[in-house]
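Each of the next two complexes has subunit A plus one other chain: subunit B in the first, subunit C in the second.
And then the complex of A and B:
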């Protein structure tokens, strides 16, 4: 009985979906958003949602995309690749979305990318850092509008080479995929710029006490510490470094996810002086960005971070491509997206045709009195590095 | 040669010292656990959450102007009635049933989940960090030892000694040991066994809360902090022998030194499996623990 109900339901739905697919031009364009609304990455998912909502509101108010309104359909990814693929499948098959975005966890983006290939749909990530997404595991159906890990490292290494030429660097990362890949990426970028590596250690995720590693850092006579720990781990690392007074002799630099708006309050004063490379800061002094920050604050009563800004920029990327293609057809939109230039709060971005990685200017930012200040800038073409995508 | 001296002075020695401070922290956590385990035969899965509760209470009281030194007394005092009540209202309900091991395990596990969520609701998911009450440090043999860690070692040692004295040298302690040895005999000789049970649970919980206040400035405070030390504390309790205070001290120092020193030579990620391998070995070869002897039997 249940089975028959289900079949009837599916058939009805399929019929409705057929009508929807051949609906007239005033049908809204449906964009699926699979993003973490609960769990560890809630804060990131929140920014993704806020950025998209602001862009959708603006686009709809000015007539939509090729005369059609934009409709955002949310699903909770829970930062879990398995959940992400189930929810994405549902959005592709049942809701018949035209385009999909929102994945945060790099593994989710890769998994949903494969799903998109099977469904012949396009997706874009606005958050995932892993270089593989537009590198060795690139996909003709996946685009990335945010900066990848390698670009962040490039901006930071550039700053380091200028400020502390030939610095002795020690690396401390959390022992899992993200930690190992961020350390490897920064190490190669810094060494190319003349820095000397003096040692590295990988602590377990959720490590309690970092003081056992301070002796190694000291014995290595390092002047710079690069770290990619995140969340609570950062709070402990910085607290314990202050406790042992080793901050005085060390310049601490790191990944963009190490010190964030979520943990900077708890870290407090000892975060001052920390330097990282990012693709966005609310401090960027251009008229586009000032307008964006003001609108964002007005709508959400909070500052945008890189995730909010890149998610906002994504809808304009899609709009530009669909308007160029004059269609939402996958094949036509993909062709239009390749090499397209579009305007974002960070300035003009360009989608590199060869690997679907956006080219954008990168910034080195430093924590001063609990706020990030821009202290350096690297041109997009220098930061992005060679195209290593072999699949298309 | 200079390299070797450098290594011993700047890497090896601080490692032993850091291992010691972590050891004291773990022993403080394991003490309450072992007393509750040794006497009540209850595995308190919520012990870590009582540790977190101590830290959060400390933050709330501190925001109302209570100084750090007063917290070291105030927080355990607040936790005593809470622990007493938890035992009376929850654990004693299922304690006398046949499958009490399973029931108390599930009950305290459920309590742990509820408490963790309550911390999230009351204080939010983000980390809070109290300021270190004593800053600065001492330079010894060219190494820097933070004053607060030195204080932690001294205070922890005094606390451990005090707990030993209470259990082995006071009237309450002899009642505890008598009840642990044979609750029916103790009861027939006039020991109020039910009250002794609840008081002991309260005592263990207060110790966890005290650890929470003491360790918060170093390890910071967040909803899931209860899970931090609990596995290590369980390992210490098992290796040291259930309910054995000397055993806890011995095993606590041994395991944290193994962890600290091994992480110099193998990936720190493998230091934990090494510690648990020792625990498994002890369970296989000497299940009563290295120093053996249950509470009240020694």
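And then the complex of A and C:
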């Protein structure tokens, strides 16, 4: 009798152990998404969400990652690092996510990256473009799959050098830290390619009247104007330039956030001819991208932008790395992620091992009839620039 | 002369009533400590980190809320920019910890020196105005400073300052590692409650009574022989120090600071905290902060529109409980205390 009891106990225990082991393997892989769901950046968070949802649907339909389904857990970032760290900690500690993404605000990405380091987890951003994230403030636990600010200006400078060698460039930025740093970054990239700087001015944020600056632009005899103003400032700048007839002998180029789908309607016809450097456009003419755009439209009834495309690509990046590592263990996945190549709507991307910045082809796009047309392509290796990360 | 002085019995009754109200708040303070210790006993064995750190954050914000209550509830000054000093404390402590040395006490000492200095300058600007003008000036100062920090590369600009090291706070007999969530929670609990008891004591001294007089009728205070401007200044600087003191703990908890710490959202939340907890009770600020932080975290997981919930809650508490949680609960305790005293 006693023997039988013992046997039953053993069997039950074995069955339970089996079940537990099996349960672990079939348990979904949890991916935390801390992204703005309310506030000014809701539009960006929406694209991040749509991109991830499409990729998760496709991956789960084709059997998941190493046989495990992908589960997305959302928290609102509010584009505020104070909120983002608290939410990320909840996902790491309470929900026990395997991986985390979605942060938009560069400060959030940096702060959550530090938190990931202290929790021994990995994160990736698909939106933040501050160069510091994979530069001076790089972290062994943070990866970036989208193009950084430096790559955008490098692509634009490359295009400028080819189209207008030795151009005289004038710079007009919004007068705050980000405006000054974007101008400084493009200035150094353009000068390296042989452009001549003829002057720079900084207009206050929300400036109403740009005409005082037009005289300076004229006097400088510039053939190219670089600007990094954004939102409604762009609308006023472009309209006033057209009214004063400044545009006729001037090629206007700028940051990727200067003319966007949000303000292009308000700018209207005078946006035509504007050139910028970006990492993605729905116009990219490859079979992968056509398939992606069609699937995205089918699922969300909207066009993907660069945030949607990069977030979609991110899940395939994680899938490739986990399949290579055959595990979700932080150490193993990190090793697998370094130097990995994976397929995205933009074509093959490569994760540079030295600073965790993805290498990807960049595009110069021009506004034609209110739409962005690709007019040039810059190879990823030329655009990315040197590895400045010192920490690992 | 007799007609000017109220009868002794009324004075005694007022004093007794005041004493009982004070005792009721002390009951809630000890109840809070008891609840916090009970939480520690439950959560520590389970190896939890997140809830400890969330609770620590709530305590840190409660220091800021207490400083708002000192100004609004006890001196009658509505500050809409108290986050200025909270952020100032956080940035000062972050810079000291990162560039001078990872010493808890140095960080706290430097923070209090800086906040006193800035508080005096800010006070000179702000306390000249009254009522809504005071509120607008404090709001404006916080906006200006946060924009300056946002655009100053040396302070990390919009990215803030990262990489503030984990430190060992040395309390002579023992050391507390800020990365150990339960230990750091208990440390912050001790400091917050210490701050509470100090300020609660101070408010019962003649200094505190004078602040009450300024709140009730500023114009009469000079006739009693006191200078209201001086007392408003002292209250402003003291509140600045309280906010900076709690702000200095923030980078020790989160390891970074960013300009958002000085934004209106933080100042505004502090005012809401005080109103929900109970204006002019001091202890209400602590309860309010725990309620607000907990609600935000819990509701935020289910819906992005938690602000609607907080907003409705705020309106409900203003309409149904105009004296806040403590204002509603403390009469019950006062009755019990008064009854106990009459039948010993």
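Definition applied: the second predicted complex is superposed on the first by the 369 of 392 C-alpha atoms of A that agree within 3 Å, B and C clash if a C-alpha of one lies under 4 Å from a C-alpha of the other, contacts with A are read in each partner's own complex, and residues count from 1 in each chain.
Methods note: a contact is a pair of C-beta atoms (placed from the backbone, for glycine too) under 8 Å apart; a residue touches a chain by one contact, two chains touch by 3 or more.
In this text, all values refer to a predicted model and were calculated from it rather than measured experimentally.
Peer 1: Clash or fit: subunit B against subunit C, after overlaying the two structures on subunit A?
Peer 2: Aligned through their shared chain, the two binders fit side by side on subunit A.
Peer 1: Quick check on the superposed pair: does A:263 touch subunit B, subunit C, both, or neither? Answer first, second, both or neither.
Peer 2: In the superposed model, A:263 contacts subunit B only, not subunit C.
Peer 1: Classify the contacts of A:80 with the two partner chains as first (subunit B alone), second (subunit C alone), both, or neither.
Peer 2: A:80 sits against subunit C, while subunit B stays out of touch.
Peer 1: I'd like to know which partner A:392 touches here: subunit B for first, subunit C for second, both or neither.
Peer 2: neither
Peer 1: A:208 contacts which: subunit B (first), subunit C (second), both, neither?
Peer 2: After superposing on A, A:208 lies in contact with subunit B but is clear of subunit C.
Peer 1: Look at A:38 in the shared chain and tell me whether it touches subunit B only, subunit C only, both, or neither; answer first, second, both or neither.
Peer 2: Only subunit C is touched by A:38; subunit B is not.
Peer 1: Between subunit B (first) and subunit C (second), which does A:240 come into contact with in this model arrangement: first, second, both, or neither?
Peer 2: first
Peer 1: Just the number, please: smallest Cα separation between subunit B and subunit C in the overlaid arrangement, in Å.
Peer 2: Superposition on chain A places subunit B and subunit C at a least C-alpha distance of 6 Å.
Peer 1: In the superposed arrangement, what residues of subunit A touch both subunit B and subunit C?
Peer 2: After superposing on chain A, no subunit A residue contacts both subunit B and subunit C.
Peer 1: Looking at the complex, which residues from subunit C come into contact with subunit A?
Peer 2: Its residues touching subunit A are 48-50, 53-54, 57, 150-153, 157-160, 162-163, 166, 179, 254-256, 258, 260-261, 265-266, 297, 300-301, 304-307.
Peer 1: So in the complex, the part of subunit A that touches subunit C is made up of which residues?
Peer 2: Touch residues, subunit A against subunit C: 37-38, 75-76, 80-82, 85-87, 89-90, 92-94, 106-107, 110-111, 114-115, 118, 130, 132, 137, 176-178.
Peer 1: Could you please specify the touching residues of subunit B with respect to subunit A in the complex?
Peer 2: Spelled out, the residues of subunit B in touch with subunit A are 6-7, 10-15, 18-19, 21-22, 125-129, 132, 137, 144, 146, 148-149, 217-220, 222, 228-229, 260, 263-264, 267-269, 272.
Peer 1: Across the complex, what residues on subunit A touch subunit B?
Peer 2: For subunit A paired with subunit B, touching residues are 42, 175, 201-204, 206-209, 211-216, 218-219, 231-232, 235-236, 239-240, 243-246, 262-263, 265-268.
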